[in-house]
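Both complexes below contain chain A, partnered by chain B and then by chain C.
And now, the complex of A and B:
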């Protein structure tokens, strides 16, 4: 692939600007966070970790970070359990109404977040659950589940159905089949889905905003509310933090996929990190 | 699924007095209006090698899957060693199954694959490994235990699958077109190996294939299936030499079908009128239908002298094709086009120069059958 033909050059001419357009705004927050200034400015006037230190010294910001990580934790655990079991349960099975079931699982990806936010808000109010990070985590789990379902379903496409039968004929019960047949096949999809779930939750703002309460304010919500009164470099620091988390997640995913040399039946690795 | 159901206790332990008899009593499988298997009666005796032979869609694989427990039959009963297994899940039927593409666990080594059934039966580690390596030794892969399936050739994967299906001493072995993915030479080698292994273990085998050569080479008994029904069953030579219908005759290889009318029959032999070929005495299995024909395999037609005893008639040679080991002649005799096949080494044996060409056959090699098509 050393020689470049006109098509390849045309492709590069198109894709490099698009790539830069997508990456530069995301990457720009990092130098801004390391700016030696009390205000958000670009280009940076000098490099300093003062804003980073300030971020981690401020309890309001660290508790927002903790809240985000907690909600992401809830979303990942529940999303993985629901998404993976749904994918396995529906794998290779046809029954009336199956498209409806799949549609229901995928619905949270399509329904506007603000609608979901309102619905969850009213629901959690009516059962008296607002006031902690739990309802936010549960709501995030709902929007994270379709990602895990899709990545798991994609890796299941590579499963030889005869493996299940052969395990059964050799004496394996349901749990053994799950462990020895399904798990090795779906593991890349599961990890991929978990990373998606994590970044979806970390990034989610609208629902978290609706259900926020003291002690249950996630990082994007804290950024959103602060940005209106108090434009400090700490906002840039949290943005940089979110970008780094997303980048690390993406790299982990890529490394894992490359290491497994699995047939890489995965969704395009599009971790959104707009903050 | 509750804990008690998945405990090892419900999986039959190896060493139980397994004879390996499989019996199907009027077993049917319907998908809506479609009848895949139609009131099948079939018995595999302990130690017997029975082949279900048929084209795709004949219900042979469905039948095997019902024995294994992967497909539920809609009527009838399946018995293993005399007891009904209709309600038992596959893992409790104690049958070794080899699948078409082997279905080895890709993330486990060959040895771990073979160990799997023992692991499910809670056999302790050291014993498990020893039994698994013995099973691998038996199929000639003792040194390949560490390899992953993808590092093994098709034939080696096949052997691992075989070792895996045998290691827990199953009541019987079910083989679903296990050689379909192998090339011809390897397939023939595996046929012999499986046959030898089966004989030395004395295990019953239910074998599914659409390859009549494979069925001929391996079986104690061939069960020919078509449209969910058994159309004929018997030892390979019998089914091959004495087909009951033209469909069976053609499915099991090349044959000459000569339409005929029955002059007289006694259930063993019949005298038939072959039209231009005259009257002939042929074998009869007593099958009845509307139209009849006589089947003579190409290798049972011989060039003869006019004075030879038995059936025969004058013929003219249309063409000859050398097929390597054999030569195929196309002949015209009594208004029928016939095929005659002889060994290349015997080419032209029986032909007397300067005399009219004459072909004949032995009465016991000509089979009266029912014309279906």
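And now, the complex of A and C:
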């Protein structure tokens, strides 16, 4: 940044606290988890893996981790399958009901999660699906699918539909077109979509909270329940695990952006966030 | 199919209407199969639960009941005031970040983008936990305030409205930065150059060129942030006090404490209608500003 005049220097100076405000909370999470103290403090008094060991020795926390990974697995598999097929199915096509179809696909992003949580809570009780991780995974899949659709659609934007037609005119069948024409093009979009779906599911709290049961308590739900009583080292370890996932996602996204050489091509931002 | 369709120039990513002979029959009839899974999934697991929710909200005179509940009214007022304050703070801070990103060189820009995106990727519970650690009585912020001599005893920074707004602004910032940044990048740099060459100072370039031309970005950011704010659930519980509960917490209270489903459903419908209206306005603003919702 060229800081030649006082105004720009003032902007740079004023922006430093704002950037610190953004970074510091995320940056302290891992040091807090490795703090050599029975209490939650920052800055840490020394490095220790005692809290990490304590976390992995605690059945309640490890089963929460397992539950989270299971629900994320369900969300990623369903999200990728549905999001990718939808993006391909809509690629380069115009038909009368199209805006309604796209609207329906994206709609789960704009409904507040607490509303969806209540709706799913009622719905899964009424169909008798309670007490397992499956309904939570399905609920996560509902909100994760639009992300995969959007990332796949973005990677399809550069594919000329004429190429698809030419492959078909040369005798390629539907499966062969999917595999040899679409798959190579959508792969980056699929990967970032899958990453997004994983991240959405692993961090989702409100729906998982409403649908929790003794065998299906996810990591954020366990954190949310415990945090209301005390800030404990195990919550810190759990946070550190989730921050690691976030960092991997972010690094992959930055690499993706650098490769494309354009900062405008950031992944889609949802209208609704996990609040 | 003729080879001309292949060789002819086509706009990137846009399909010109396919002529009848260039579309084999099997493709015409088959592609609906690709949309069937997502449509079936969304009808069963999205529209049906929401439909049942709306249905439940009309039972037992639920709307009248919840709207006469003073707790609900307080939650509604809390939601509006907390969302409004958070939105204003977020947009101002987001504008600063967007300006820096706009003026930054390529390498700096990527690094700063990563800084903006890190909280975006981090789950809300993790962020709120970190803020609770920072804002607690023996936390870093209180230590800092005591260190610079601003106070002798720890100030209660947690479990109040201030903490809720801090936690919310931190979550909301990335959502404000992107619309503003994208409206800033669409400003023609030559306008500023021309103004300066005619003797305008930096302050008046900002006031009379940059700020007015970035207004579409500001209104889009403000609306988006406000929309997201109204649904906050976790932050008021983790960082707020008993008097800071928002509408989402009231839904939870009705559903899980009172086990009053119709009341909870009525509140949920009220929230959804509010949000949907704002989303419709938001999309209008995006269209007017020439931005696209998906990037």
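Here are some notes:
Heads up, the rule we're going with is that the second predicted complex is superposed on the first by the 232 of 275 C-alpha atoms of A that agree within 3 Å, B and C clash if a C-alpha of one lies under 4 Å from a C-alpha of the other, contacts with A are read in each partner's own complex, and residues count from 1 in each chain.
Operating definition for what follows: a contact is a pair of C-beta atoms (placed from the backbone, for glycine too) under 8 Å apart; a residue touches a chain by one contact, two chains touch by 3 or more.
Small disclaimer: the values here were computed from a predicted structure and weren't measured.
By the touch criterion defined above, A:107 reaches chain C but does not reach chain B. In the superposed pair of complexes, A:46 makes contact with neither chain B nor chain C. Contacts of A:174 after superposition: both chain B and chain C are touched. When both complexes are overlaid on chain A, the residue A:128 reaches neither chain B nor chain C.
By the touch criterion stated above, A:24 is placed in contact with chain C alone, chain B being left untouched. More chain A residues lie in contact with C than with the other chain of the pair chain B and chain C. By the touch criterion stated above, A:162 is placed in contact with chain B and with chain C alike. Of the two partner chains placed by the overlay, only chain B lies in contact with A:184; chain C stays clear of it.
Contact with chain C, but none with chain B, is seen for A:246 once the two complexes are overlaid on the shared chain.
Across the two superposed structures, the residue set of chain A contacted by chain B and also by chain C is 160, 162-163, 165-166, 168-169, 174. Across the complex, chain A meets chain B through its residues 160, 162-163, 165-176, 180-181, 184. On the side of chain C, the complex with chain A involves touching residues 1, 5-6, 8, 10, 12-15, 17-18, 22-24, 26-27, 30-35, 37-39, 41-42, 45-50, 52-53, 56, 93, 96-97, 99-100, 103-105, 108-110, 112-134, 136, 138-140, 170-175, 178, 182, 185, 202-203, 206, 224, 227-235, 237-238, 248, 251-252, 255-256, 261, 264-265, 268, 271-272, 275-276, 279, 282, 293-295. For chain B in complex with chain A, the residues that touch the partner chain are 1, 5-6, 11, 68-70, 89-91, 93, 95-97, 99-101, 103-108, 116-117, 120-121, 164-165, 168.
The residues of chain A lying in touch with chain C in their complex are 1-2, 5-8, 11-12, 14-15, 18-19, 21-26, 28-29, 32, 40-43, 78, 81-83, 85-86, 88-90, 92-94, 101, 104-105, 107-108, 110-116, 118-123, 126, 138-139, 141-142, 145, 149-150, 153-154, 156-163, 165-166, 168-169, 174, 199, 202-206, 210, 220, 223-224, 227-228, 231, 235-236, 239, 242-243, 246-247, 249-250, 253-254, 257-258, 263-266, 268-269, 271-275.
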